[in-house]
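Just below sit the structures, each encoded as structure tokens.
Both of the next two complexes hold chain A, though its partner changes from chain B to chain C.
Entry: the complex of A and B
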């Protein structure tokens, strides 16, 4: 059986785990290609205008998998921790997909809701595994070893400072991006911490940060301009928790750590500036990123800039703001160093 | 005589400024872009040339504004800088102790926070261009008056009406409703100024600490109604620098001077002769991958000078070679 996984939304968080689980159960996994204008516009053409950009991209990815797999894996992640809630687009992802992409192959799903406890989670995993085998212990083994894969993935990012795409490349080899024919690879990146090199953290959901099309290659742009880029995945759980604790006390949203947790940490540690990336119309982010922005006004906090992404295809607006932010961070850093 | 040029090609207006070696403004020109950035850069350069002494020698050129890369390629810029940095540098040049810069242009509005001579924070309008110069122009046009009349008339307001300034679409329908129930045009105009200022302070300037001295620059600083509304809302004086409409160009010239002082290279400026060259722009959709990038190219005499717009560097490389 061939299982399609859309390269969008939670792909960047859980791909190694999902892939491993299905392969352990004898299935084959195919991933949709990197987001392109064609994928995004096909998604946009299906969903109502008010839906957020990442969800539109997701539908485009599902559509690109039609005819390439026997079924598509679309989990419904409701809650990962008791009393911590997820955005409605994740809750209803399988249903939403069924509604807007009727030609979608059969959907394999799993309901993850930790409000119902761990027992229920195992029941859900069993239910998912039953599509492949009747052997319970085989499913449990696959799930346990998939979890190990997930931890390995996280470790690569935390311990070696890799971004998710870099960690995926390390684990599964290079997944070529649809570059223009003959386009050269990205310029060699300075890895050494050259003195005076500015450090900037980019915070936000992985499906915004690492989707080159949605983010207009923002991280690459920074790296090419000799900036050492830090991302939320590079932080250990303690740093994230203390960031959340400082900014909001207790988290309410499931994917709050990559915004509020990372923001809380980076505003006070490791970097000269923080860039928050949000998709226009994201409800949770309008609250979460604002918490970070408010905190950035406190004395001693790193410089902060919020960038909002939409369907605009021109990059000029983003580049202007990035150039200005980098200029500012560099001038401030130089000033600090000459004073010291 | 030696001079440095700064060119600011904005979405609505194009500005050219020339500074002498002491960074004194010796010539400037301000003209509407009217959707033709290349022609306007050529015209602006020709105009400025007329006001410069015959023996002028350009030692450095900087470009800024949303068409800075296009303009930079045409004139041969030594430095291409974003508008925030250019405006901050120019404001600091005239008012060294400035702490806040308000800038409203045709499509962009910005706030720049400066402490001890360094930019420490800035804000810029997000995805939409509500409340910028082009909206004021549009309203003046709709009311069949020049933007200058708009400015003067709004000062005659006695009881300004309240206009929703959150979004220009709402603002316009609000203005029309008020006009249809008989409010005076002066009161509607000043009401609009207040709405835009409120919107600016609540959005772009939200969470920023606005400390005096405050400098207001950009084309919209011509508008007396907006200036008055800012003074009232902030309850403090606001400095309008003498050349507020060309501050971006002045900043680019200052930065070009700084750049050329750091490096002893000679300027890349192609000379004032470029005003007479025919440039041709065209665009095509690249089919090399599913991204279908829109590539724009600039050519003269059948020779491609530059290409932009690709997500990869495929076309940029072709143009360099």
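Entry: the complex of A and C
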């Protein structure tokens, strides 16, 4: 059986885990290509206009998998931690996809809701595994080793400072990129701090940060301009938790860690500037990024810039804003150094 | 301590009664208006839904009137609403108010939580006093909703446009002023009778639409540009499920017994949406499915612009097999009345045509049937 995985939304966080799980159970996994203009606009044509950009891209990815696989894996992830929820689009993802992409191959799904406890999660995993085998213990084994893969993936990012695409590359080798703008030649980030090099953190959902088409390769641009880039995945859990604690007290959404947690940490540690990337139409971000922005006004916080990405955002516009921001950060840094 | 709370429909009348009876100091902000909306929008982050903006406007006005404790609905797992208070608190601080926002966990503990909170705020009034005050406040709520239901029926048929609405406005005032059960009962009875006596047009069977959608915009007429009144002017009868009294009835008495008012809709939505997606998204899909099979001509779907659950619903609703015309109205400060009226008129036209076509079809079928019988 060939299982399609859309290269969008949760792909960036869980791909190694999913891939491993399905392969352990004897299935083959295909991933949709990197986002292109065509993929995005085909997604846009199917949903109502105020749907968020990443969900639009997701639908485009599902459409690009039609005819290439026997079924598509679309999880419904409700909550990964008791009382911390995901946004509506994640909760209704399988149903929404079925509605707007009727030609979609059969959907394989799993409901993840940690409010219902671990037992229920195992039951869901078993239900998913039953599509492949009747052997309970085989499914459990596959799930356990898939979880190990996930931990390995996280370790690569936290300990070696890799971004998700770099970590994926390390784990699975190069995946050819259609446009080949030389993006896949990203080097691992130098760990030694070349003196005078400015540090900038880019925060936001992974499916915005690392989708080259949606983010206009913002991270690459920064790296090419001799900026040391930090991302939320590189932070250990304690740093994130203390960031969340300072800004909002308690997390409410799953994404709190990549936006509020990372924002809270980076505004006060490690970097000279923080860029908040927000997708047009994102509900949680409208509130969370605002908390980060307000915090950045406090004395001593790193410089902050909020960038909203729309389907019509022109790369030139982003570059202009980036240049201005980087200049400002560098100037501030120099001033601070001469003062010291 | 002085309490303030945002508006939603006629809720303030109920709360006022409660606070007065318990001797709690309170303020009622000015009713929602363009001013409230501009005030809220001015301090809102980009891309937020209209309930956030209006409630923020209310809270700022409460604070300006000297309230130091602001009650806001909140809690986990109910979409952005649960996060409102955190941001609104920051906004208030930044403008320079010291008022403290207290979150009411409406999703988990519902009214019980609210009662406990009121008990604390009222300097620990006795449960007896609390419950009797609460009962009277609820009685007002029920009277208001009963009158509103009747108004919904009279509006489309009245000969003089606006007659029912006028009665409604004065009924609200009268109920607001009622001090005991007897006068409340008298007021209710008298207004229901007056509404009954409003001269009506002879047209027997007005078009019937169901109003569905997100809780706040359905209940707060200012946020939906008085869509029900406008539909009434066009001669359309409006029905809806969402009333505050329904909500209190269920969350106070029936939900603890395991009776869920929404289950009917959720079950109907199952083939198309299997999960609660926050807000009223799930129920919107279910209501469409159910009402398509009932005696309605169309559905007006009210959704705040950028509302996440309703976006999911909007994406799914057009694909259900059960078919009924749906007009989605996105509520936002950008929405102009003229634009909405044009869309409403076009929609009502469509419904008229559909009904005529259906009648013609039925007549043919009947004629054909009698032919066969002969």
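Brief remarks on what is shown
The rule is simple: the second predicted complex is superposed on the first by the 326 of 340 C-alpha atoms of A that agree within 3 Å, B and C clash if a C-alpha of one lies under 4 Å from a C-alpha of the other, contacts with A are read in each partner's own complex, and residues count from 1 in each chain.
By our rule, a residue touches a chain if its C-beta (ideal position, glycine included) is under 8 Å from a C-beta of that chain, and two chains touch if they have at least 3 such contacts.
Computed from a predicted structure; not experimentally measured.
Following the overlay on chain A, a side-by-side fit with no clash is recorded for the pair chain B and chain C.
By the document's definition of touching, neither partner reaches A:108: not chain B, not chain C.
In the overlay built on the shared chain, the residue A:328 is in contact with chain B alone; chain C does not reach it. In the superposition on chain A, A:294 makes contact with both chain B and chain C.
With both structures placed on the common chain, the touch criterion links A:88 to chain C but leaves chain B unconnected.
Of the two partner chains, chain B is the only one touched by A:36; chain C is not.
Of the two partner chains, chain B is the only one touched by A:320; chain C is not. Of the two partner chains placed around the shared chain by superposition, chain B is the only one that A:303 touches, whereas chain C remains out of contact. Annotation: apex chain A, arms to chain B and chain C, angle 80° (C-alpha centres, rounded to a multiple of 10). Put simply, chain B and chain C get as close as 5 Å, counting only Cα atoms, in the superposed view. Chain A uses residues 280, 293-294, 308 to touch chain B in one structure and chain C in the other. By the touch rule above, chain B contacts chain A in their complex via residues 66, 81-85, 116, 118-122, 124, 126-127, 207, 209, 286, 288-294, 310-315, 317.
By the touch criterion given at the top, residues 33, 36-39, 178-184, 212-213, 217, 280, 293-294, 297, 303-305, 308, 310, 312-313, 316, 320-321, 323-325, 327-328, 331-332, 335 of chain A touch chain B in their complex.
Chain A meets chain C in the complex at residues 47-48, 50-52, 76, 78-79, 83, 85, 87-89, 91-92, 94-96, 99-100, 102, 111, 248-249, 252-253, 280-291, 293-294, 308. Residues of chain C that touch chain A in their complex: 45-49, 76-77, 79-80, 82-84, 86-87, 90, 94, 272-279, 281, 305-309, 311-312, 314-316, 318-319, 330.
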